[in-house]
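The chains carry the letters A, B, C, D, E and F, assigned in the order they are written, with residues numbered from 1 in each.
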Amino acid sequence: MQLSPTLSPKLFGRDVRCVRGGREVFAGLAFEAVAGEALAVTGHNGAGKTSLLRLIAGLLLPAGGTIAIEGGEGELTVPEQAHYLGHRDALKPALSVAENLSFWADFLGGGVIRPIPDCLAAVGIAHAIDLPAAYLSAGQRRRLSLARLLAVPRLLWLLDEPTAALDVAGQAMFAGLMREHLAGGGLIVAATHGPLGIDTRELRIGAI
Amino acid sequence: MDLGPYTSFIATSYFAAALVVVLLIGWIAIDYRTQKARLRALEESGISRRSGRAATDMQ
Amino acid sequence: MTALGALIRRDIRIALRIGGGALIGVLFFLTVVVLMPFAVGPDLALLTRLGPAILWLGALLSSLLTLDRLFTADHEDGSLDLIVMSRTPLELACAAKALAHWLAAGLPLVIATPVLGLLLNLDATATGAVALTLLAGTPALTFIGMIGAALAVTMHRGGLLLAVLVLPLSIPVLIFGVAASQAAIVGPLPFGAPFSILCALSLVSFVIGPFAAATSLRNGLD
Amino acid sequence: MSLIDLANPTRFLALTARLLPWLALVTVVLLAAGLYLSALAPDDYQQGATVKIMFIHVPNAWLSMFVWGIMSIASLGTLVWRHPLADVAAKAAAPIGASFTFLALLTGSLWGRPMWGTYWEWDARLTSVLILFLMYLGLMALWRSVEDPTRAARAAAVLTLVGAINLPIIKFSVDWWNTLHQPASVMRMGGPALDKSFLIPLLVMAIGFSFLFITLHVAAMRNEILRRRVRSLQMLQARAYTTSAPAGDATGRVVGAA
Amino acid sequence: MTALGALIRRDIRIALRIGGGALIGVLFFLTVVVLMPFAVGPDLALLTRLGPAILWLGALLSSLLTLDRLFTADHEDGSLDLIVMSRTPLELACAAKALAHWLAAGLPLVIATPVLGLLLNLDATATGAVALTLLAGTPALTFIGMIGAALAVTMHRGGLLLAVLVLPLSIPVLIFGVAASQAAIVGPLPFGAPFSILCALSLVSFVIGPFAAATSLRNGLD
Amino acid sequence: MQLSPTLSPKLFGRDVRCVRGGREVFAGLAFEAVAGEALAVTGHNGAGKTSLLRLIAGLLLPAGGTIAIEGGEGELTVPEQAHYLGHRDALKPALSVAENLSFWADFLGGGVIRPIPDCLAAVGIAHAIDLPAAYLSAGQRRRLSLARLLAVPRLLWLLDEPTAALDVAGQAMFAGLMREHLAGGGLIVAATHGPLGIDTRELRIGAI
């Protein structure tokens, strides 16, 4: 991973407040994560995990507080340095697996960074390369989404329940990929209800 | 044979019919060759219909 | 550039696969034209007179039929999130999407116009005039329609008012398009005047469309 | 060889391989005879030599409707009896039918110019044939746009059956709307009202074109069957290196079932 | 009955809240009508003569515009699976959905007709006749269009291809609808004959539409 | 649960073969489950778990073999006696939570069988009753889907990764609901990658 940060980058949020549909979801939230560290966001259903990830991804506007990366790539905003893996997998059923992935690689990376077949092999769906995405099973779709993270290097991975729909082997494979990303100086913020298979710092939101 | 003032219309009709029929025959013949060639290529690469029941197989 | 090129290529590819290709666009247009005599009656002179309007209506309909899901489709499958987050300015991405849509749905209409002109008994000048106005005007339909498409993402609920605002915006395009074609065919007005207004409308829409769409998308995500 | 045997694609291929040359021969003979007879046919007192266009126009016009009829029956076969050859038959017929329809339109408008003074008229029959042509094209587009053949077959079958409504409209439009076009003079109640000198060449041509259709259709069906074999072999090939399963387990055998 | 009632109520409620559909339909209708004077020129007599044809064309095209997502929307969110599995016969469920669509998108067109009749300079009888034929005929358009909407689920596609497949089927409705309105306005034929054919077409489509749609839905899921 | 079966009902499949997109997914599959029993369908991603559930639900046509219920409700087909809970949750964002649920209760049950607020309370989203479904978090949507199973009683529950997106409390809640259903003589077939929290018989498809 050639992220070549000048400083060791650090993601932090201060006094973040989130309001959705006119209702306050959380307020006064603070968090931080440094390069090589994974933050596991936990909490009950509706606590605001997805909301937090979307705030970091710039897809929601915070009602208060700041979220920033210190020592990242110069003038880029946080969303521009991040990969977001949500519930919806951004795949077009009409396109083949390879076409789907190479579109995102070109669009996000401005040119293919890592060869498409390699990425597909790394997530274990190399055999399906020419299948239309409409033919994929739930787990295969999820794997294809994961391949996007490999095709274009980004400092920060924002993962929303990334292991959903993955089988046991798939979860182990993914844990390996995350470990690699962290080892290369990356950052991970993942919302999850179960274990991720890597060492994480926990950020718990919402009372129980 | 004198076809009167509309010879060109009559001739065009017959020629057009002939042309369309020839195109149809040509398309079908080429299609046949392509499919046969593909079938042969697949069978040579070791895939045969006996190596397992194919799904849309037309037994 | 790679990013925008990729976006355009993807959108065209999907449009061709899903919509069935440029041929279908032509086929659709043909069907709309074929409908006319049934409604209006087989009066060829009248049909010729209505010709440009019919062609323009066909163009409007076929861009409406496909435009309303320009962004909602991407929103529903999550692609829009990634597009918004990317390093490509959202305005450019919107323009690229609109361009792709025009290439896949607008251009075939322009190309098919001569065939349809034959059926409607338009002469060569008239056909040329209509084709030219369509070439100049359909991009405006796309770029204006794009604003509505972007608003559609925002309004999961309510917000009818906004959609209502967009279609009226495309009426001027339609009116000047038809007027220019008519001018070229029967006169008495010169072709140039309405045609240059049409071009101006297109140019304005090129600027306003992407900005308005990008703004509404940025605010519309949740 | 019973009908049941014909239902089997492999048998169909074997049988038609032997049949095709004969079909082609009959077609050639009939069309040659038809062309000869039509060359001999006298000029019409009203239409002059242009009546010769009739020998091409009318067979194609009839076939354009007949082929859709065949496709409708085949569609019933697909939907009701799920007959393995039915959708092959329907799919293979569409391009051929579209060609005949195109010829009927073309020769009709070539005839229309000397007779009515215009190539095209928005007359009920002419327009309904144009619509038939559009529906052929739409159907072909539908076949092309769904790549799973069985799913495409069912969708196309529904559309074919619904589109069959167009046939009576074409047939009776002349009577209903009282238009420019000739009313039926051959296929009508009370026998044909056409002089023998035209009727005989017309009928020979019509039979010749029908045989042409049968020949082309059988050949196209063979191609379609081969195409599906190719597809299923490609699928098998994909599976062969797809399954991370132990060798020999290509069929996805079930392990540990209850 | 409860089941079908619930389905109809739900579909109407969604149509009214989301708006898109019905409103865009009426708006499009209006656009078609507004455009015509520009195409035909200021000849008021001609405009009046074309009135019914224009209104019918508008109705046909605008029902096309809104129909294409009748089933795909339910397919994409999984509702269609449950509808297919339910104890309600699929044919009835399809008919209920079509009815709801007509109530939300077809009926507004009929209601808007008097306003548009004014624009086209139609007198009260003429407007009444057109409104009556639309009332009798638009359900046929909906029920025929439903077939195309169901095919869209199989094809994972909508848009133009569908329009191409469905438009030819709706031509008889258009012919008799316009014929009946013309008969009422200018004669010389009696209004009754084409109008009863129109009603017959509607009745036929009530039977064929749901069956064809249900067949293609049953076979089209995957 | 007033399912009042005459016999103890039994779901079985024999020699089931599944073909999707022209490719064979599995063949020769046999399974059975009797009243009060849960069948856990497991297998790697793309093995055919979802396909099997959809075959049972009548949403796919088997390429061979039979699936039937013996001793169920008289003349009803298998799908008519089943609830299907898939990846897509059959919710309309424009309708409120209560409207969504009561539509399905009316449509599937021909009249509300169990009061809507009770069902919502049982799955723990009673507080959201008047919220539009568009406002729900992933887990809340899943809970709303689950409420459908309670609102209308059906013999057979077909569940596709039902615990995805549920938090720990939600999983326990759902295990309780399944146990109740089984105790009432119901049947469950669930595709899953993780533990369901109830006793199950395993049906493993696909080699690995």
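Operating definition for what follows: a residue touches a chain if its C-beta (ideal position, glycine included) is under 8 Å from a C-beta of that chain, and two chains touch if they have at least 3 such contacts.
Computed from a predicted model, the values in this text were never measured in an experiment.
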| item | value |
| --- | --- |
| Interface composition of copies chain C and chain E: same or different, split at half | same |
| B-D compared against A-C, more contacting pairs | B-D |
| Distance between chain centroids, defined by C-alpha means - chain B, chain F (Å) | 49 |
| Rounded Å distance, chain C centre to chain F centre (Cα mean) | 45 |
| Whole-Å gap between the CA centroids of chain E and chain F | 37 |
| Multi-chain contact sites of chain E, meaning residues that touch two or more partners | 17-18, 76, 156-157, 161, 164, 168, 171, 222 |
| Where chain F touches two or more other chains, by residue | 20-24, 27, 87, 94, 208 |
| Of all residues in chain D, the ones touching two or more other chains | 131, 134, 137-138, 141, 145, 147-150, 231-232, 235, 238-239, 243-244, 251 |
| Chain C-touching residues of chain D, taken from the complex the two chains share | 118, 120-123, 127, 130-131, 134, 137-138, 141, 144-145 |
| Chain F partner contacts - residues on chain A that touch it in the complex | 20-21, 43-46, 50, 87, 124, 131, 135-140, 142-143, 160-161, 164-170, 193-194 |
| List of chain C residues in touch with chain D within their complex | 17, 20-21, 23-24, 27, 30-31, 34, 37-38, 41-42, 44, 47, 118-119, 121 |
| Residues of chain B touching chain D in the complex | 1-7, 9-10, 12-14, 16-17, 20-21, 23-25, 27-28, 31-32, 35-36, 38-39, 42-43, 45, 47-49, 51-59 |
| Chain E to chain D touching residues, read off their complex | 147, 150-151, 154-157, 161, 164-165, 168-169, 171-172, 208, 212, 215-216, 219-220, 222 |
